[in-house]
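Before we start, here is the structure in question, set down as structure tokens.
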Amino acid sequence: MKLRNPVMTASGTFGYGTEYTDFMDLGRIGGIFVKGTTLEPRQGNDYPRMAETPSGMLNAVGLQNKGVDYFVEQIYPVIKDYNTHMIVNVSGSTVEDYVACSEKLVGLEKIPAIELNISCPNVKEGGMAFGTSCSSAAQVTRAVRDVFPGTLIVKLTPNVTDITEIARAVEAEGADSVSLVNTFLGMAIDAESRRPKLSTVTGGLSGPCIKPIALRMVWQVYHAVSIPVIGMGGICNWQDAIEFILAGATALQVGTCNFIDPSTSVKIVEGIEEYLLRHQIDSVTELIGALEIP
Amino acid sequence: MKQLDFTVRSNEQLNDQTHLLKVAPWGNEQLPEMYPGQFVQILVENAPHTFLRRPISINFIVPEKNEIWLLVEAVGEGTRKICELRSGERLNLLLPLGNSFTIPSLPGNYLLVGGGVGTAPLLFLAKKLHESGYTADFLLGGASEKNILQRSDFKKYGTLYYTTEDGSLGEKGYVTHHPLLQDKKYDFIFTCGPKPMMEAVARYASERAIGCEVSLENLMACGFGACLCCVEKTKRGHICACTEGPVLDINELTWLD
Amino acid sequence: MKLRNPVMTASGTFGYGTEYTDFMDLGRIGGIFVKGTTLEPRQGNDYPRMAETPSGMLNAVGLQNKGVDYFVEQIYPVIKDYNTHMIVNVSGSTVEDYVACSEKLVGLEKIPAIELNISCPNVKEGGMAFGTSCSSAAQVTRAVRDVFPGTLIVKLTPNVTDITEIARAVEAEGADSVSLVNTFLGMAIDAESRRPKLSTVTGGLSGPCIKPIALRMVWQVYHAVSIPVIGMGGICNWQDAIEFILAGATALQVGTCNFIDPSTSVKIVEGIEEYLLRHQIDSVTELIGALEIP
Amino acid sequence: MKQLDFTVRSNEQLNDQTHLLKVAPWGNEQLPEMYPGQFVQILVENAPHTFLRRPISINFIVPEKNEIWLLVEAVGEGTRKICELRSGERLNLLLPLGNSFTIPSLPGNYLLVGGGVGTAPLLFLAKKLHESGYTADFLLGGASEKNILQRSDFKKYGTLYYTTEDGSLGEKGYVTHHPLLQDKKYDFIFTCGPKPMMEAVARYASERAIGCEVSLENLMACGFGACLCCVEKTKRGHICACTEGPVLDINELTWLD
């Protein structure tokens, strides 16, 4: 999979791209990671699903989606003509779910890659559990690798002691790339009502607040694996993007900040171009992992 | 939908907490087509604790002036900062967002019930109904007289009735206690305000088989259908309050179940 | 150890209390956790040691301190007369270090408790490594428990997959209380110079940005252990404090926010008092873990 | 040290980026005793990206008016917000922080070397030296004439010399190239400005065995000795720039090693 540029948008924050066409030109960015897709349709969690936090937000969407069949039949025909890469984020509760869902995406010409979400903190039955142990992460990666011939990206959870371990485990089982980070498991309480702010009590933390931790993890994983690393976590502007690239990211995903400025991703593309010009750097690839440690 | 910079033309304080901002596109771009019930997402600047945009209804449109009105009650940092904006200052909006109230296709007895700052989208609706040649009654409720806003504006489009909790204007009590609701038979009700009020209105309408639309104020992250945070549980499952709402027919809601 | 009130100040953010006497009355708060103290003096890490981040900061102080002997001889005589509890935060690189350092604090009448810092992300030789595995956390707790008769608080790191596991492990070895969280391992880069902002590349993230994660961990640990939980992570005002208490904290520590408003802790004491009055609650203990889940 | 609210009495723009704020305690409390070289920590409000306070030198004191001057260059969000403060607005300070320049005990030839906004603490020092009956020379450098600030204020306390990088005022080049440094023999030098400038001045002083104090601008989190973030590596180990500095004797520094 070759990208026009390293700036993509993160799953669950960019719908199917359709939601953003009024605000920006999808053709300006490297790719779109569409909503978390599961084998069966999911209603998601109850309202309230969102709480604002210092420089970030918690969400508890819980993978609401109409299922992979609906995606293939109804959504794919619309989005396949978008002038950018469309990557499907695949979630599940069992290895069989992941495999069955991924299989249905095989052969969709305009879906060059899938992203295995083994890191969703918002569904009880699985998701994150796969991403917190090397063996289960390896197992699901292997199983999907066996059925999906396209580019296989595995999305890692930051809620672990040593993320490099998990990254190495999925690399060993044939992942073509790892993307990180998914959200951090967090919680918010309303002091006055003494109740949780989310219907699910806990939810996933995203936004600039997590950037320093995400950046550290990208840097660690970059040094631990030889497959490309896709970095994300609080990226809001070109400076953030350059920082992730310097830490070792080959490409990026913009998530929560799309909500605040829906054209964030295009502005980052432009900002990186200007940065390269200003610093007389031919290609952004020269910056990957180029952090200078004095 | 567009992302546009606006300039604040005026900011008038209507009561302790509520301001009326009149805004127009910064570069004088033509305003997009907008309908009553739709809203904008405001980027709040200089507010350390306000990470996301804030949704605010389109209160009124003055097409001749290319102007939008926003009626904002300061309840937290975000709305307070919006209320502090001065004439000439800039603000960035996404607009227009959401669906809209259904303008009836036939004349009839229409009632608009608003509570507090929930009257915001109803003024624009009142005007549209009036332009469509319909007469409507407006039943506006609030804690006290000073909370019943934009009365002279509403007056242009129909007959006003009031309730206040302290009895300082109109009937004392809640909107659903107003005798009007016993005396007159309405064909359709539109309502916006605090959830308990809308529930009471929905119950009233439902019991009498009167059609009724409510305008939801669910918490929103994006406001344009991307995050799935603002869902309302309806009879056909979760729907996004920001795209399939904020206006919903009460028959879709599960509130009264 | 009985506290006047649940509001204390976090190690490394409040010096020895002395730094704050001009700004507030130390007698108004429940206790002070003094600077990380080690067996030998430590120069700490090189400058720069600090980077501002969205709603937080990274630090890489690296346990700069003059050693436990200096503490006992020079500092203790000054602070022992403060009208609040003084708790020493003990750090080390080996179990022997922790034990030797803790032993020297035995019998200091005005030091009712020590806090074992097995969670400092800023020193290579240990600290956090102890806190990321159950067995080493258990081992160091047991060793110190055997020599320190006073109240033993073990401070946990959030940089783990399952913090309840570690909490249970140290509880089993005789910890009287657990405090959490220490800082998250993070990183900051200057896009223009392409260099890390910290001399150590990575550092510890603290402040309001981490609050949602810290709150979730306190809630989890509260449900996993039966010893009191001391909560911290981004507490800046009484609302934050009440949230931690509702999540299960018996007491709190205020850290980074002391830098912004040095009287934060006293304002929180007052805010909690008003909250109790307003809600007609007799004692703050009624709120511990009293989160209402609908 | 105190935490006090201040009111902005005036805010004068001195050049594109630099403002002079004159502030006095909000409640008219008596200002604490302050010395040249000390600084304040400003709480910056309405600034989403400014989490910590910002350290700013005490530029000048007018005891009769119970007034402090702050000379602030807008380099990022925090200082920009400070520069945008209007007369009558409130700001919260911790003060006075840090040690101070050493006022000599005997008359002599004293030189104050400042670069850019680094002249800020030197004006207060100039006044104190003058009050102590000493005459001093001031060598002020900057990119261009407009960057050499408060010249008429300095003039009251001694003789001024300038260098500018573009030659628009005084000698062209850096302060250390000024002929004064070759022509005159000084007994002590005080300096504040960009680190490369201070290093050059320190080297000059050190080579000639002239006593010299520099004022550091290390990154600070607390500003009052609690966090240990602001350390400077000195011959006697790490010291806190906020309590044992910001003023240090060059013999303590390891810069020239």
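Labels for the chains are A, B, C and D, by order of writing; each one numbers its residues from 1.
Here is the rule we use: a contact is a pair of C-beta atoms (placed from the backbone, for glycine too) under 8 Å apart; a residue touches a chain by one contact, two chains touch by 3 or more.
Keep in mind that this is a model prediction, so the values were computed, not measured.
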Can you list every chain in contact with both chain A and chain C?
none
What's the distance between the Cα centroids of chain A and chain D, rounded to whole Å?
47
Inter-centroid spacing, chain D versus chain B (mean Cα positions, whole Å)
54
Inter-centroid spacing, chain B versus chain A (mean Cα positions, whole Å):
36
On chain A, where are the residues touching two or more other chains?
53-56, 207
Where chain D touches two or more other chains at once, by residue number
48, 50
Considering only which chains touch which, label the overall pattern as line, ring, star, complete or other.
ring
Who touches whom among the chains?
A-B, A-C, B-D, C-D
In the complex formed with chain D, which residues of chain C make contact?
12-15, 19-20, 22-23, 43-44, 46-57, 59, 61, 64, 207, 256, 258-263
Touching chain D in the complex, chain B uses residues 45-48, 50
The answer for chain D against chain C in the complex is residues 1-3, 43, 49-53, 94, 218-233, 237-238
In the complex, chain C touches chain A at residues 51, 53-56, 58, 132, 159-162, 184-189, 191, 193-196, 201-202, 205, 207-213, 215-216, 219, 234, 238-239, 242-243, 246-247, 275, 287, 290-294
